[in-house]
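Next up, some structures in structure tokens.
In the two complexes below, subunit A is the common chain; its partner is subunit B in one and subunit C in the other.
Moving on, here comes the complex of A and B:
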């Protein structure tokens, strides 16, 4: 297929997807709209996590960084009276700044050591939230966080309106993350993953690029935290513990991290299975068991993640289109 | 024209895709068919049914099913001149505020429930704005959720953690030689107010807490170092506070393995036969906690308002197994007794009407006896029903009620102590987040 045809196909797909996402809330029940809000926030979280993994480092502190954004945004608005939209940006920036500071100790480590180091750093932050009742609210966290202000008659307490707000914020964020990956920076991140010594030998400052990836990923994770905090109105240290981090890892692993869309497919598929299908089927109390079985099955039978289905489907469809012609050419009876 | 090479019947792929489509439609789109035209009132049950806190959710829903079966067999609840069957709709909130909000939205907006029962704690703030918007009556087991703003939130059964004072009071009266206590709890919204209460109760009873309370992280899985640190102060009372069942069990195992010889006091001892299996009957002898088995003859006392407690326990054991009985197995059902009485009295299921009827006269029929609507000094609102509470001790491998003790009587004597310790740990309603 020529480049222009590919571009047209991509645009058609993107516009169809956008149209689908715009219509989606109208097709859902009230509680499913709530799920859609959290899902779209989690999409940003898991895609930002993927940016981090491009450099080859897997962190166990990403959900805590999301919490930094949530706490900071909540504190800016609740304690200092900063308008919520601005406090969201400040919360995301605080998460990015935290990543800059953490980069110095953490990027002295690599691989498994980085993983453990990121977990330890995250736990330190969580314990600070727990220990200091002022300003963080201690174990009970912060409640009655100001919600996103109404714009005219549009109330953001309504999940449909908040869904559209999140859709705009997350779409812009995903576009930025996509462009970063496709830029010279993104190529360098990949180089650090596969050949960091070689990259260093040609003058790439690996520390700075790792810090850049970590900071960008943390900024957007913080933004997802801010979106969460001002919708739900409460944050506490348990919400950002390692159990939640395991979910992010699962979404990324089941979806796959080789493509931009892999983690998105993972979080969407698993959320629908866990929060819609299994609940609707009345498996409320045995969901963890079935969810676990689905995970094991997907890892066993799709080790490259759900993202590996799409190229196969594409090949299948292309094959079907060309199959009759090939057979005719060969003189076979269809 | 038929293709002769095509097999008869349905292809495997067609079968799978059509089955999946039908399942999806059936589960997500089609309304549930209700046979018959019987009036039904729906009650929401929004609590953790999975995960580490599920011991304080799932057994409660099981108990509610028995309650509903009994009430429905007896003809339902008579309101507006018509009998109404009761249907419980459960939603697993996984002890997460976001899931709790989604669950509340489903229960209120889609299922049309008239009352929601919650465990509370971390999950309540997620529900609060929606409940306030919809004027929905919600109950919690944790009065520490109460604030002056939460006028539609009630704590009509458990006054956690205040009733823990009765266990300490009984311990001091019956074991006057035990004077050295240590306390541990998970570091969360349930653990801290409970620690404040135990500190006040020990101080009131003249028992010294010989080390700083040990707050362990809820993610803790290895309790050996926790217990080693606790026992290093050579205590004769080991207080497990309001630790979740997932912590009480390994803590007891560790105390057993590290040869603790004193008395253990805890808010709960859910599934205690399993703890006895892991330790020994002798080790668990004298374990003090607050939640009786309902086959206890002491529950047939005149003051007890819970109807047919021994039969309820027998039915529960029959349906789910004796070992599955837990602290909350009866609690949500007892809240339903109060709610049903109030609905009949108000002749309405509307939340505001039911609440008014429930609080009429400032008193209510609590499971363990007549009680007062109370809490303004501690929670900023009189929405907690408080009266007597039993002290339970394990004797010969079985939980036995030793005595009912009055919480208001303790409060009248020692309220300054409780307020002091609540304030020190930042647990007063005006100190929270």
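Moving on, here comes the complex of A and C:
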């Protein structure tokens, strides 16, 4: 992984990708530009979700945490008049703080119990939004959320400009998340996933590291929520319900979570299938059915996720046997 | 006041009946396949629409429609087993995604066949029993309660007394050891899927006149069922029944005396409390994860 040739290839690939992303909005129609903005936000959401899954626990509350970021940022800017860029940061921090608090009850559970426990905690938060009209706006939620302030002549009302803003924020966040995974902390997260008893026996405080992963993941989920809220200008409890969470889960599992790029491939591929291809074909009523069939086919024929194609492709192109895929590096489905 | 309390108790018993049937089916599937069936709510929906088609549409007798619904949904369970659950036996998250895919397909079929609007079904009977002064139980609800008692007893006897039942429990405890004893795993999973799905179907069919089916009715039921099976301890049939009764009583009482949103909140908080005190549910084994 560390030889200079691979590093150069990675850099060339990354720069090409960046260039592609920069010209992308110019090639799209207006509605597709909007889809592109949401796609970028969802990339951050699903990659932050993967950080959480590194420790081996799958949460069903991640979208609600994103909502905490969205609600908090909207409230800070709308009711307290905090400038939007700062309120976004505060919103993300609120999401992180929520995770710290939720860690205490939730990390007593494991596996399916954690899955459902996190779902219940998320539902409680969502019902609080729904029940309290002040300050959360009840079932109708909040609207007229201040948008991102213009910088000079650049108006962020335009999806293209907001796309570039999101691209910058998300790229920086992804870089941080990537570095975290490669750091000592990231290695500990992997250790917790595979051998939590062993890790504990050599002195790793498993609770504290799980909490750290959860908090970091929630911070970035909250940031994606804040990006969402100040673009669309309105948030409501239904936007963050379990159905949306199921989509995040689908993106992560269909893409695969063993590699950093797996979930990104998942969200990009499935968004293109659902929002671009099927919409263009015009099957509005039977779109969910085709999507469902795609899901079943993908888990049946690619149980390791879309990410597993790339090592295979690489092997094909190289025409020789390289070491088996990156499986050993990171999280497998528990 | 005492009438209201008695009436709420009767309503709770009704709620406990259908919830425990749904939850037991889900637990049965989980126990044998190791997969959480996310499409369970849509199987319930399919049962309800069988009644819409046969009883409202073709004017067949109500109970014929119910039995056909149970068998039809049981067969849907077999389709799921054959199409993907068998291949994904050691892959719980894959099974989850596949069942979500199947859920979307079933919903679309229902939308195509019956439209997105609520289907109103005339009740099969208008009769009701007056238990005490002013405490009523309609026959329509009584059917559900009787069906729950009969089916759960039958299931209990099946699992405890018959050879198939023993084999099924063996598979739930240790798949490999069961296979080594010559138990056909595929046959057991087929039976479990048929029974589990059929239970969801019969509930959907029996409650169809009471709830006005929509293609998306499975959503709320699956959420409740998840809460119940986690509180009971995943994979524990008795736990699921006890948790269903507990949840039904708490939820119905809080809904009656406060409102639905508070009831949902109380239910979720109670569940979290149970899990904080005992992280593997009420009946779950301590060391299993």
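Methods note: the second predicted complex is superposed on the first by the 317 of 334 C-alpha atoms of A that agree within 3 Å, B and C clash if a C-alpha of one lies under 4 Å from a C-alpha of the other, contacts with A are read in each partner's own complex, and residues count from 1 in each chain.
We take it that contacts are C-beta pairs under 8 Å (C-beta built on N, C-alpha and C of every residue); 3 or more make two chains touch, one makes a residue touch a chain.
Given the structure is predicted, the values throughout are model-derived calculations rather than measurements.
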Quiz item: Quick one: subunit B and subunit C on subunit A, clash or fit?
Solution: clash
Practice problem: Go through the superposed model and pick first if A:242 touches only subunit B, second if only subunit C, both, or neither. | Solution: both
Quiz item: Of the partners subunit B and subunit C, which touch A:285 in the superposed model: first, second, both, neither?
Solution: both
Quiz prompt | First, second, both or neither for A:119, with subunit B first and subunit C second | solution = second
Quiz item: Once the shared chain is lined up, is A:130 touching subunit B (first), subunit C (second), both, or neither of them?
Solution: both
Quiz item: So, does A:4 touch the first partner subunit B, the second partner subunit C, both, or neither?
Solution: neither
Exercise. Figure out whether A:201 sits in contact with subunit B (first) or subunit C (second), or with both, or with neither.
Key: neither
Quiz item: After lining up the shared chain so the two structures overlap, which partner does A:142 touch, if you call subunit B first and subunit C second: first, second, both or neither?
Solution: first
Practice problem: Could you tell me if A:26 is touching subunit B, subunit C, both of them or neither one (first, second, both, neither)? | Solution: neither
Practice problem: Could you tell me which of 63-71, 99-107 or 117-125 in subunit C overlaps subunit B after superposing the two complexes on chain A? | Solution: 117-125
Self-check item: Contact residues of subunit A, present in both the subunit B and the subunit C interface
Solution: 127, 130, 242-243, 285, 288
Quiz prompt | Residue numbers on subunit C that touch subunit A, as the complex places them | solution = 36, 38, 83-84, 87-88, 91-98, 100-105, 107-109, 111-112, 219, 223, 226-227, 230, 234, 261-262, 264-265, 268-269, 271-272, 275-276, 279-281, 284, 289
Quiz item: Which positions of subunit B touch subunit A when the two form their complex?
Solution: 23-24, 27-28, 49-51, 54, 58, 90-92, 95-98, 101-103, 105-106, 109-110, 122, 125-126, 128-129, 133, 187-189, 191-192, 217-219, 426, 431-433
Quiz item: Residues of subunit A touching subunit C in their complex?
Solution: 58, 105, 108-113, 116-117, 119-121, 123-124, 127-128, 130-131, 242-243, 246, 249-250, 253-254, 285-286, 288-289, 291-296, 298-300, 303, 333-334
Quiz item: Touching subunit B in the complex: which residues of subunit A?
Solution: 29-31, 34-35, 38, 127, 130, 133, 137-144, 147, 157, 159, 228, 232-234, 236, 238-239, 241-243, 275-277, 279-281, 284-285, 287-288
